[in-house]
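Should a chain be cited, it is by its letter among A, B, C and D, assigned in written order, with residues numbered from 1 in that chain.
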Amino acid sequence: MTYRAEVFVTLKPVVNDPAGLTIKGGLHALGFDSVREVRAGKYLVLTLDADDEDQARSRVEEMTRQLLANAVIEDYRIELKVPSPSGGGQGGGLRT
Amino acid sequence: MTYRAEVFVTLKPVVNDPAGLTIKGGLHALGFDSVREVRAGKYLVLTLDADDEDQARSRVEEMTRQLLANAVIEDYRIELKVPSPSGGGQGGGLRT
Amino acid sequence: MNTGIVVFPGTWSDRDCAHALSDVLGQPARYVDHREERLDDLDLVILPGGFSYGDYLRCGAIARFAPVMEAVTDFANRGGLVLGICNGFQILQEARLLPGALLRNASCEFRCEWVNLRVEQSESAFTLDCRPGQVLRIPISHGEGNFFADPQTLEAIERNGQVVFRYCAPDGRVTAESNPNGSLGNIAGIANAHGNVVGLMPHPERACEDLLGSTDGLALFRSAIHALDRVAV
Amino acid sequence: MAIAVRRAQLQEVALNEDEYRAIVRAIGRDPNDLELGMFGALWSEHCSYKTAKALLRQLPTEGPDVLQGPGENAGAVDIGNGLAVVFKIESHNHPSAIEPYQGAATGVGGILRDVFAMGARPVAILDALRFGPLDGIVAHDRLRRATADRAGDIVLLVGADTGRDGIHGATFASVEMDERSAERRPAVQVGNPFLEKLLCEACLRLNELDGVTAIQDLGAAGLTSAASELAHRGHRGIDIDVDRISRREQGMTPYEAMLSESQERMLILVRPEAEAAARQVFDHFELHADRIGVVTGTGRIRIRDHGVSVADIPLKALVDGVPLRTPVASFPDRQPTVVMPAVEEPEAILLDLIASPNLRSRRPIYRTYDHQVQDNTVFGPGFDAALLRVPGTNKGLALTTDGNPWYVALDPYEGTKAAVAEAARNIVCTGARPIAVTNCLNFGNPERPAIFGQLQESIRGLADACRALDLPVVSGNVSLYNETSERNIPPTPVIGMVGLLEDLSLRCPSGFQEDGDLVFLLGETREELAGSAYLRLLGAPAEGRPPMVSLEMERRLQAAMLDSIGRGVVRCAHDVSDGGLLIALAESALYGGRGLRCPGIVGPISREAFFFGESQGRVIVSVAPRRVPELQQLMTSHHIPLYAIGVIGGEDFQVGSDIRLSLDSLRQAWETPF
């Protein structure tokens, strides 16, 4: 089966975020004063084969721990899009 | 009211994604052969003030169009986390 | 001193390091391919600057898994001298051979310019020839050199004397203005607890000839030669 | 097929009906869609230079040191020791107008490939923030010319997968942009410097193999152009199996595969017996190479898709057959000379000028890119010209680009001459002797007579200046049709120049070196203010005649400078250009961190022209007092007028009773952030 996983990697709250600050500055300069904070992270979309949902999830978890995120500075969250048996996939149930 | 918005910025499907390709290569080198594709994008978390949900949403939409995404090569998706009146926020209803 | 200069896909400063070692210092040096697994012939391993794997994901994140890195880890654990410059520093941190991480520069811009470094620790293998407090003029060239460590780690590396270089003013004062990238404590380079592994953001190999503006970078390589002499004695 | 039916397609490929008829004559039938697309690409202005070609024939392209003139991926010039410098200038206007960051990135990528395709390792990139002229160094016997010279050789496509990138890029570049271009934006690509680096290393390694007969980058019009040009240059033919090309997306047609402009791809020709060795190189760098075809003796390019012929065109027609265009030229009446507003507050004007965007310090920009890697940068950004050590020697290469759009707008002939003269002066100020020129001609729509007139005059100025200064033009680029919704860009020819310094220890900096040294102005100042930064600052209308260049004077001045620097007489030299004399003096003071005391105006000249005029053919130098007699003698023998200007020293920048500014306040203005 083919799964689609979304990995969200963010800087830990204690780590300052130069990119986020710069973007916030840019938004303020554009007149969007109501923005209080911006945090910049990564959004990785993986397509992978696995026997079942559990296997897919544990593989992505492993990849993220090993490579996709750096535990010294980053947190992560994984969302697995389960291919809905009724096809369609796209709008398929979002389960985390 | 303070809202939390998540903006997901991805390269358009027709645009080549050198970062995604390289990360896929890295995962393969680590033995994760089951990965078929990786697309690398940005994940921005904004905290902003707005009178109501509609205003928050349209502001974030506007910021994304003007600054956060580059329409020439990127697509985007916005998710607004509505502050749940019963506090807690964190697990609060995800409405898109 | 037999030096190995590791070349990853995307490494840029390998040739500059070879130039500094062989042409300027007259020391034997060879390139080490990222797929090599044996470093027995070497006294010093340099991980040079560049943008291994395009700096995609995080600088150094993918290079850290190259086969050669297992050998580098063994080499370091056996007391071999390892110098990580710029991207090499980032790789050493990703490989956990050095603590902390390097974030985007606070300015969010790439910076290529001359900086002044104050030598904080003259006992590391790469600063034996320096006096504590000595100021070296060496260029930087990076977009992600903003040193970060969590408070406990930072406290520990400060306490253990693992901070080797700090960005400073020409007179040696450590000031906010002399910090080019937002590094915590103006940290420009650190060592492991044994002092045989050092990583720094500035490029000493670019400061080895008067013609190019400074010879202060030679101190690091000369120190390594002396460190080896010491071991040999 | 009737032309009428094809009208829409012709428009799409930007060919006119006469050109269509020429195609039918050349191939003896109507072209199919793929063939028409291929003609459209190769007969585009961008690839064929159908408008500029006749004019470019005026340029001097030969000289004793020229190893490769125009016609190859890049030009090459001998620098002694068996080494050659390879260089080239490019502009990447259309994609950059739509998406500047990726446009600039792919522009740099393309020119890098031009240089390493010649077998040279790129050593430097210059940018006038419009362009990327680039240099590389290579041993003569490794200088590579991209030619298919033997039938049976194998065609390999290496590097990135082929996607639907810029399918209309080449033809699109010949059509005026309109608002609709926005819809084509996905055509912009994301550059992959990482892959480019691997390709560069692989090509340099390949260059050392015997049996690799050609290395060619894929640029505009992609594979169609690269394959056709390679085969045609060697008077051979080429067969391509389009289905063998690795694709990034499914469902791509042969048309898309042949015309794709995906970046980071190279075409390699190898003898059959060398293929294995070449593949080893690609494997080492983890690059994949598709064997997509073979060199033939047919003189034709034949494309097959799964064995079925889909295009078959004689190369001569495709590469060389485009009917040249000779548009009508018109020339404006000579402009009146301007009235010169008097300088009321010279101090304030100097500060405003040096803080103006075109004169202030470029450091905030150049510190955001690496200008030191490769350990050869002797003078980096912030000097008159960059100076690089030639690796393994004690020689230096001086590099610069120049162009003054304001002069060119007022007078394309004089303005282009001035750009050549100024580039040469910049090179000479470092102590190096100019050896060759590259150029990039950026103009609007040449079908408008006024614009074709500008182009014609500009090329005439380029040719005259290069001939007078004995400089061969070895490469270049022409970018026309830079017009959006009827608005044309100002004419902006850019000159790139390379100079050779035989002994790096004789290099000459541009900042003041020693307190007590005397500063002299070499050359004549005239009442010339039109086109000046000073008048622009005052908001005066752009009119009048820009400074005239006497090529004879320029030649003498440069000889005199080389003589003086070579004998170690001058300690610093800086050319007087944008902003005029005071700006040049202030810059040398700032570079050197030393003040200056000048008694005041010298010569029978107005204060405005003396302070801020931009008369050409002038340089300031500083000299130790005891060597002043030598300088005077040298200048007399070269017939160069010499004026004592002031003495170096102190904390202030002082000119007569008009100006007294601390260096700090001057620096503050100069360092105004962007």
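The definition used in the following text is that contacts are C-beta pairs under 8 Å (C-beta built on N, C-alpha and C of every residue); 3 or more make two chains touch, one makes a residue touch a chain.
All of these numbers come straight from a predicted model, not from anything done at the bench.
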Between C-D and B-D, which chain pair is linked by the larger number of C-beta contacts? C-D
Computed distance of Cα centres, chain D from chain A, in Å: 43
Between chain B and chain C, what distance separates the C-alpha centroids? Give it in angstrom. 36
Once you find the CA centre of chain B and the CA centre of chain D, what distance in Å lies between them? 40
Listing for chain A: what residues touch at least two other chains? 42, 66-68
Two or more other chains touching the same residue: where does that happen in chain D? 192, 194-195, 286
What positions in chain C touch 2 or more of the other chains? 53-54, 56-57, 61-62, 65
Listing every touching pair of chains gives A-B, A-C, B-C, B-D, C-D
Note which residues of chain D are touching chain B in the complex, please. 98-99, 102, 160-161, 163-165, 185-186, 188-192, 194-195, 248-249, 262, 286
Would you mind writing out the residues of chain B in touch with chain A in their complex? 2, 8-10, 20, 23, 26-27, 30, 32, 34-50, 59, 62-63, 66-68
For the complex, give me every residue of chain C touching chain D. 9-10, 12-13, 15-16, 19-20, 49, 51, 53-56, 109-113, 139, 141, 203, 205-206, 208-209, 211-212
Can you check the complex and tell me which residues of chain C touch chain A? 57-58, 61-62, 65, 93-94, 100-101, 103-108, 146, 148-150, 182
Applying the document's contact rule, which stretches of chain D touch chain C when the two form their complex? 192-195, 197-198, 285-286, 366-378, 389, 504
